[in-house]
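Have a look at this one before I ask anything.
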């Protein structure tokens, strides 16, 4: 068993080594697929996080009637708190609202000064969670606006819609792209292993004629696929790391405007491990598919 | 063990170190009660896609421990017959028994096991170009699961027999035609087969060397191995003087 | 010349045809690279356009002093008009500003009613073009705010920064991804052609030994690369078209929230032609590089 | 044109249609004033990387219109000598002139042009496996730029000579060893070369067929083509009875 495994690995490694330039090319090709995938994961992750942050800052305002009772207000607050898509609820009293208005619109301060009573209503400012859908927000808004003591419910629907859509869009095309890229990587490996198999069809035929067991013939190819896939992923990650470091100054400037964290982060350890294991799995699969041709 | 130095005199003149030992022959496998006929072919026909018959209704026997030649002009069907015996081709009609086993009844794993008990010299050598001479020969032992040390010892021994141990680390494409042919012969003999099938094994060798190789086959044969050699070389057949089966246009014309 | 070309094409086609399954695999691999590239172009194009639209709706407000003269106002208007990043300039008078305020903040209407004079200033509402940089807007704002008759200049800097950054981010990663993908496609073709060359090294050696001119040996490989590259691009475009049609209902829903046009459009004719020609060029290059090995 | 039917009697017994015409010989190229010696080798040595010499200080001449055999045991250097003449290998030392041209002075394009004037039969055939027999042979004419119709006519003619026109659409791997060898011979003769170099061209043929092929070479030779054949086959040399150059261990031991 161990002897067999050693044989596979040595054979596969010898094959990769003897066909160096072809192997380098194929590892590079796989690396590029993995690189694009990694880069994509990186970008998608950051865009997703940004959109989430932006969404989180989207707010819903529930304006209360001046004549609403404490009980009515408590009821509204409970409904809001009980809604899963609500992240936080803050009460803004009439006085606080006036103070904020004066701060935001200094030009109008004289106008509000001269008014006898405070015209601004008290409100609940609701921060929405990142996973809300536009429809859910609409339902919540409709429900709350029918409650006793509520004068009006307002939110910037246009912006919210946009952000939710953008989030969905990124997630959706991200999934599609990732799927296609994994397919591409698998195809590349299959292709490479198949062609290396094709280039060695005489050798395989000879092995068969000498009575070598199937596993003796197939093993090295499966192994070769795994080596190439794994190497490709490692090369891709190294390239990505280098690219990120080199473009860090430029990217930081961009990131500052976009992300609250203000800096680009590398893929998580899990993603890194996933890419490497995935590369090897895909390579192994490619080797298997390619060597299925041997009967 | 008998001395087999006599047959190597010619080689020693060439300076190769060949006194290593003689072939021991006789199969290590199939130790069950064996029939007296090793090859038993009945009404064998082979037709390649839409073409005419390469073999037509061939019936022949080769007994245990026999040494026979297969002759016939180019395209007579010699290679086809040997390939069917290797189970590289499947007959269109007829029955082929080797050592009592019906070749048609073998499953894929059986075919592998069966081939490992044979020694086959291909007309076009069939050496693996990416492996050295040594690796090409030792491969046949490795798949038998022979212990490592024994593998290496035996491989060197057989390479000595064919006068090529000084080229052990060369790649096939770095060898002359005759040297490649001798590597192919070494590979066929390394696993001490019960049955040796050789397709034109001396076509690229000079007459002296051809005779030496034949002596090697004779030694194997004396040890109990059955040998079937396809060849055009009348001189060689004459020299060795064994039974000859002649094919022409796919039919047996003579079986003396 | 024509005979030679015919020979190359027939040989290349025969090679592709005889090695069908390998050719299909390699065309598919190239197709996937082209598909990802096309998909990316599509997504990047739409995101870019969206960001542009959003940016266009970003505005700069130049508040004028009540005591500013007509000449001063004209001077400001001229400066704004002369700035390349400015798309449109609209004058909002004190009266119009009050009317808009009342419409936007009905709760405050009584407060402004009771005020003796109109506290809101007249302003120029400036729509910015899509190609403005945050720095340019800042410069413009600083310049205008120093002009006579100008009380204040305001713009939603946070949003503008974000949008500009997002636009840059998409453009930048887009370029990077596109570059990497083109490289991947070229590598794939090189790899495939090289391996098919490797598989036929005996044949090439024989041709050389028989005295065939270099062009006779190389031509078919270059041609094969071109055929594979072109086929790959065509397959990719067809796939993209089909994918788009199939996912149209889903996408439209997403698009509605994102793009003002409200529907996803296919690549332009130019992009389509570019992808095909690019595929062939890359294939041709791959064939050339691969067959450079022949000496 | 002389009749050459006589030499084909044996073939006709086999049923192949071979009355097509005889080889016309004599080069279509190199029409300049030619020296009387076609092959002129002086002090030629060839050493493969770090190994011993495959050829050592070989000096020999082959005159215009001569028919010579090159013999010697396996590994003597015959193939190496022929490969140097094809410019497939470059000598370690020494000078090789063919038809007055110094092979060392040829640029890449010259080498291509030079090779097109030769006819070479390789020991391992070197047929393109993805092309049919017909395509393999016609290829040598296509690179000469011969008109299409003539290409096809000439190809069929040469395939008839070697008795293979019924296998024209087969692929090399569908042929017997001897049939492949004959395709290689057909390709070497199709371009009416000034010089034919053949490496063991009858190793896979039965004695009758070998003699017929030799007669084909003799006909070419009678037409003015210079022929150099490397072979082990003493019987054949004896039958044909021409000059023999013997090599052993890389040196000329006999040049009668």
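The chains carry the letters A, B, C and D, assigned in the order they are written, with residues numbered from 1 in each.
Here is the rule we use: a contact is a pair of C-beta atoms (placed from the backbone, for glycine too) under 8 Å apart; a residue touches a chain by one contact, two chains touch by 3 or more.
From a predicted model like this one, the values you see are computed outputs, not experimental measurements.
Undergrad: Over the chains that touch one another, what is the least number of steps taking chain B to chain D?
TA: 1
Undergrad: Both chain A and chain D are touched by which chains?
TA: B, C
Undergrad: Find the chain most remote from chain B, comparing centres computed as mean CA coordinates.
TA: Following the centroid criterion, the farthest chain would be C.
Undergrad: Could you state the distance in Å from the CA-based centre of chain A to that of chain B?
TA: Those two chain centres are 63 Å apart.
Undergrad: From the mean C-alpha coordinate of chain A to that of chain C, what's the distance rounded to whole Å?
TA: The answer is 21 Å.
Undergrad: How many angstrom between the C-alpha centroids of chain C and chain B?
TA: Computed value for the inter-centroid distance: 68 Å.
Undergrad: Going by the touch rule set out above, which residues of chain C reach two or more other chains?
TA: none
Undergrad: Of all residues in chain B, which are in touch with two or more distinct other chains?
TA: Within chain B, no residue contacts more than one other chain.
Undergrad: How are the chains arranged in terms of who touches whom: line, ring, star, complete or other?
TA: Graph shape, chains as nodes and touching pairs as edges: a ring.
Undergrad: Who touches whom among the chains?
TA: By the stated definition, chains touch in these pairs: A-B, A-C, B-D, C-D.
Undergrad: Taking the complex as given, what residues does chain B use to touch chain D?
TA: These residues of chain B touch chain D: 14, 48, 51, 71-75, 78-80, 123-124, 174, 176-179, 181-182, 199-200, 203-209, 232, 234-235.
Undergrad: Give the list of chain D residues in touch with chain C in this complex.
TA: The contact residues of chain D facing chain C are 86, 88, 108-109, 111-116, 118, 120, 122, 126-130, 139-140, 142-143, 187.
Undergrad: Quick one: in the complex, what on chain A touches chain B?
TA: 7, 15, 18, 200, 202-203, 205-207, 209-214, 216, 295
Undergrad: Give every residue of chain C touching chain A within the complex, in rising order.
TA: By the definition above, chain C touches chain A via 19, 21-22, 25-26, 28-29, 32-33, 35-36, 39-40, 43, 54, 63, 107-108, 110-112, 114-115, 119-121, 134, 161-162, 164-166, 168-169, 172-173, 176-177, 180-181, 183-184, 187-188, 190-192, 194-196, 198-199, 250, 254-258.
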